[in-house]
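Both complexes shown next keep chain A, but they swap its partner, so chain B is in the first and chain C is in the second.
Moving on to the complex of A and B:
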C-alpha cells in the first residue's frame, strides 16, 4: 500500500461528496430554495411598488441571514451519507487522518454553499438594487471567507450530532451562537462594500481581515477537535 | 500471510458508570475463525469496537504481535470490518465505492484489485452505474465484504454479517469466511447464529455480562456442541 498525502486524502473525501451531490443535487436544490425564500420574504416586507427602501446595511443583513439559514440546511446533511449504512465506520477505519476527513467535508460543504451564494448575490442585487458590481471580487472573497468560517464550525457540530435524534434542531441552537463573530464581520464588511456613499473602504478591509483571522482560528480548532468529536470519546 | 497474534490482556471498557467489559484476556490466532457468542448486552459489539480501534479500552492492553492497537496505530489499515450495515455509500455504484476505498487505502493497481474483488463477490455483472442503494440486502453484503477485503487486511472482523441474509446468502458468506480462514487470515465473528458459527468456527468465546465465560479452541465444533457450550456458559443469565 502506498501512503497517500494528507491533501490527496482530503481531496478524495471532498471529491466523493461533490460527486454524490452532483448526481443527486439534493442539498443544492434545498439550499437554493431556502436562500431564495428568505430573500423573497424580505423583499415582500421591504419593497412596495416601485420604491426600494432598503439601505446597504439591510441588504448585507438579508444576504447573511439567507446564507445562515440555507447553510444550516447544508450542514444538517453533511454527514447524512455517512450515517446511512454506517459508511462512517468504514471511513474512520480507513488509514485516512481524521483531520483530512474534516478538511474534505469542509471543502465540499463550503463549495456547495458558495455555489448557491453565487446565485443568491445577483438575486439580491436585482430585488434590492444593491450595487454588487463595483466590488464584485471583494464581495466574492467575503462570501468565501464567511462560508469557510461558518462551515468550519458547522462541520464539527454536524459530526458531533451524527447520532443525535433531534440533530436538526440542535445544530442551529449550537451553531448560531458560535458563528456570531463570523456573521458580524461578514455582514459589516458587506455593508461597507455595498454602500456607494462610503467615503473609503478601510472599515471593509478591517472586517475582511478580521474574518480571515477568524477563519484561521476556526479551521485550526476544527482540524484539532474533529477526531475526539467524531470518535465520540 | 502474517502470523501475528491479536492479544487482549485484562481489557476493560466502561461507559460512564456502566461496565461493558471487564478483565477480558483473549488471544486470537491467524488461520482460525473465532466466534464470539453471548446474549444481548454481553459486550460482543464493544469487544469488536475495541479490536477495530474505533474505541479505546478503559483498562488493559490490546496488541497485535508486538504492536499496541491504538487509535493512531498504523494497524488500523490492516483491519477489515463487516457489520450488519454494509458501510458503503448508497449513492455510489459498487465500483465507485471500491474505487473510493482503494484510493483512501492508497492501493496500487486499484482497478485490477477492484475487478478481482467484484468477480470474487459476484458483482462483476452488475450495471456499472447502478447506485448501491438499489441493491438487494445480499448484494450490499457482498459489496461490504469486497470493501473489507480490498486492501488484503490481516484481521477480519465480522459483526453479525449474516443477520439479514437469506439462506443462500448466509451459505455464501460462510464459504467466504472459510476461504479466509484457509488463507491464514485472523477472523473474529460476532454472531447469535450458533449453527452458522459451528460451521466455520475453530475458536469459541462466550461472553456473559462483559466477562469471558468460555474460551475454547478445537479443530471443529458441531452445532450441538456449540449449543451446549453456550448454554452452560450463559446459564443463570438474569
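Moving on to the complex of A and C:
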C-alpha cells in the first residue's frame, strides 16, 4: 500500500473520531447540554426584574465561559475513548507520525465543539436579545479561532492526563491559566462585534488577528511537544 | 558513586560561596535600603520596591528556567532537567507569593487600591497561576504527570509574552514602564545590590532543593536495588 501523506493520516484519525461521535453523539449531547446550562445559570444570576438583556461585554463573557466550561467536557472525552480496550496502544503503535495523531484529535475535538457553539450562539442571542446577525460570519470565525486555540492546548493535556486518577478535576485547573490570552482576545473581539453602539470595528479586527496569532503559536508548540509527551504511554 | 565525588566537592564549594554571599547580602542590603533617598511622593512606602521588584524578576526567571529544564527533559530525557524544572517552579511559586503580597501592599499605599488590572500585575498573577498549575500537575498528574507538567512549562513560557501583550492591549499602556532606568542615582546601588543578593538567594535555594530531589531519586533507586537483591537471594 502506498504510504499516505501526513495530512491524509491526520484526516483519517479525525474522521475515525468524528465517525464514532456520529454514532454515539455522546460528547455532542453532554457538551451541548452543559453549555446551555452554563448560559442559563448566568441568566438567572445576571438578569433581574424587568430587564431582558445585559451589556455586550457580559454576553461575550457568558458565551466564552460557556465555551470553556463545556469544552473541558469535550476534551476530557477526546482521549477517554482510547482508554477502552487500550485502544491508545494501537493508536500509538500505528505507523503514523505522532504529530498527525495530534492534528487529527485537534480537528475532531474542535469540530465537535464548533458544532455545539453554532447552536449556543443563537441561544444566547435569543436569551439576551444580543444582535449577532450583523456580523454573524465574523462571529463564526471568532468561535472557530477561539476553539482551535483552546483545543490546541487541551488535546495535549488531555492526552497526558490519560492515566491520571483525578483527570477531570485537573484538566480545567491546568488548562485555564494557559488559555487565558485566548479567552481575553476572543471575548474582547466578541464584545466589540455585539456592541451596536461601537463606533468602528478596528478593535474587533485587531483582536481577531491577535487570536489567529495565538492559535499559530499554540498549534506549533502542540505539534512539537505532543510526541515526547505521549512517549511514555 | 566514586566518580561523582569531585563534582560533588566542587558544587559544595560554590554552594558555600553562594551561602556566604547571601549572608553578607542580608546584612548589607537592609543598610543600603535604609540609607537610600526617600522617594518624593510616596516616601518610605516606596522602599518595598527593593523587595518587590527582585521577587518579580525571580518569578520570571523561575518560569524560564522551568521551561528550559522541561525542554531538556522532554526532548533529551534529562532527569537533571526535570529536577531543575521542578525546583525552579517551586521557587517561582514562593517568590510569586512574595510578589503577590508586596504588590497589593504597595498598590494600596500608592494608588489607594489593593489591586488594579494593570498589565504587570495581571501578567505576574497569570505567571504565578501557571507555576501553581505546574506543581498541581506534578503532584496529582499520575503516571503522565511529569510529561504533562513539562508540556505545561513549555506552553507557559510561550504564554509569557502573549499574556503580557494581551493584557497590555486590554488595559492600555502602563504609565511608568521605565521605572528602573529612571531611578534616582542614590537608589540604583541599593536596588541592584538587592537584585543581586535576591538572585544569589534564589540560586542557593535552588541548589539546596535540587540536592534534596537528587537524594530522593537516589534513595528510590537504592530501594529498588535492595528489593531486587532480596528477590534474587530468595
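Going forward, the second predicted complex is superposed on the first by the 227 of 233 C-alpha atoms of A that agree within 3 Å, B and C clash if a C-alpha of one lies under 4 Å from a C-alpha of the other, contacts with A are read in each partner's own complex, and residues count from 1 in each chain.
Note that a residue touches a chain if its C-beta (ideal position, glycine included) is under 8 Å from a C-beta of that chain, and two chains touch if they have at least 3 such contacts.
Just so it is clear, the structure is predicted and the values come from calculations on it, not from any experiment.
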| item | value |
| --- | --- |
| Chain B versus chain C as contact partner of A:185, first or second or both or neither | second |
| A:147 touches, of chain B and chain C: first, second, both or neither? | neither |
| First (chain B), second (chain C), both or neither touched by A:20 | first |
| Partner chain(s) touched by A:76 [first = chain B, second = chain C, both, neither] | neither |
| Touching partner for A:109 - first (chain B), second (chain C), both, neither | neither |
| Touching partner for A:173 - first (chain B), second (chain C), both, neither | second |
| Touching partner for A:165 - first (chain B), second (chain C), both, neither | second |
| Contacts of A:156 with chain B and chain C, given as first, second, both or neither | second |
| First, second, both or neither for A:231, with chain B first and chain C second | both |
| Chain touching more of chain A, residue-wise (chain B, chain C) | C |
| Interface residues of chain A shared between complexes with chain B and chain C | 231, 233 |
| Chain B residues within the chain A interface of the complex | 52-56, 71, 74, 76-77, 79, 81, 83, 85-92, 96, 100-101, 103-108, 131-132, 140, 147, 151 |
| Residue numbers on chain C that touch chain A, as the complex places them | 74-75, 126, 129-130, 132-133, 136-137, 140-145, 147-148, 150-152, 154-156, 158-159, 162-163, 165-167, 169-170 |
| Complex contact set, residues of chain A against chain B | 1-4, 9, 12-13, 16, 19-20, 23-24, 81, 84-87, 89-96, 227, 231, 233 |
| Chain C contact footprint on chain A (complex, rising order) | 153, 156-157, 159-167, 169-170, 173-174, 177-178, 180-181, 184-185, 188, 206-207, 210, 214, 217-218, 221, 225, 228-233 |
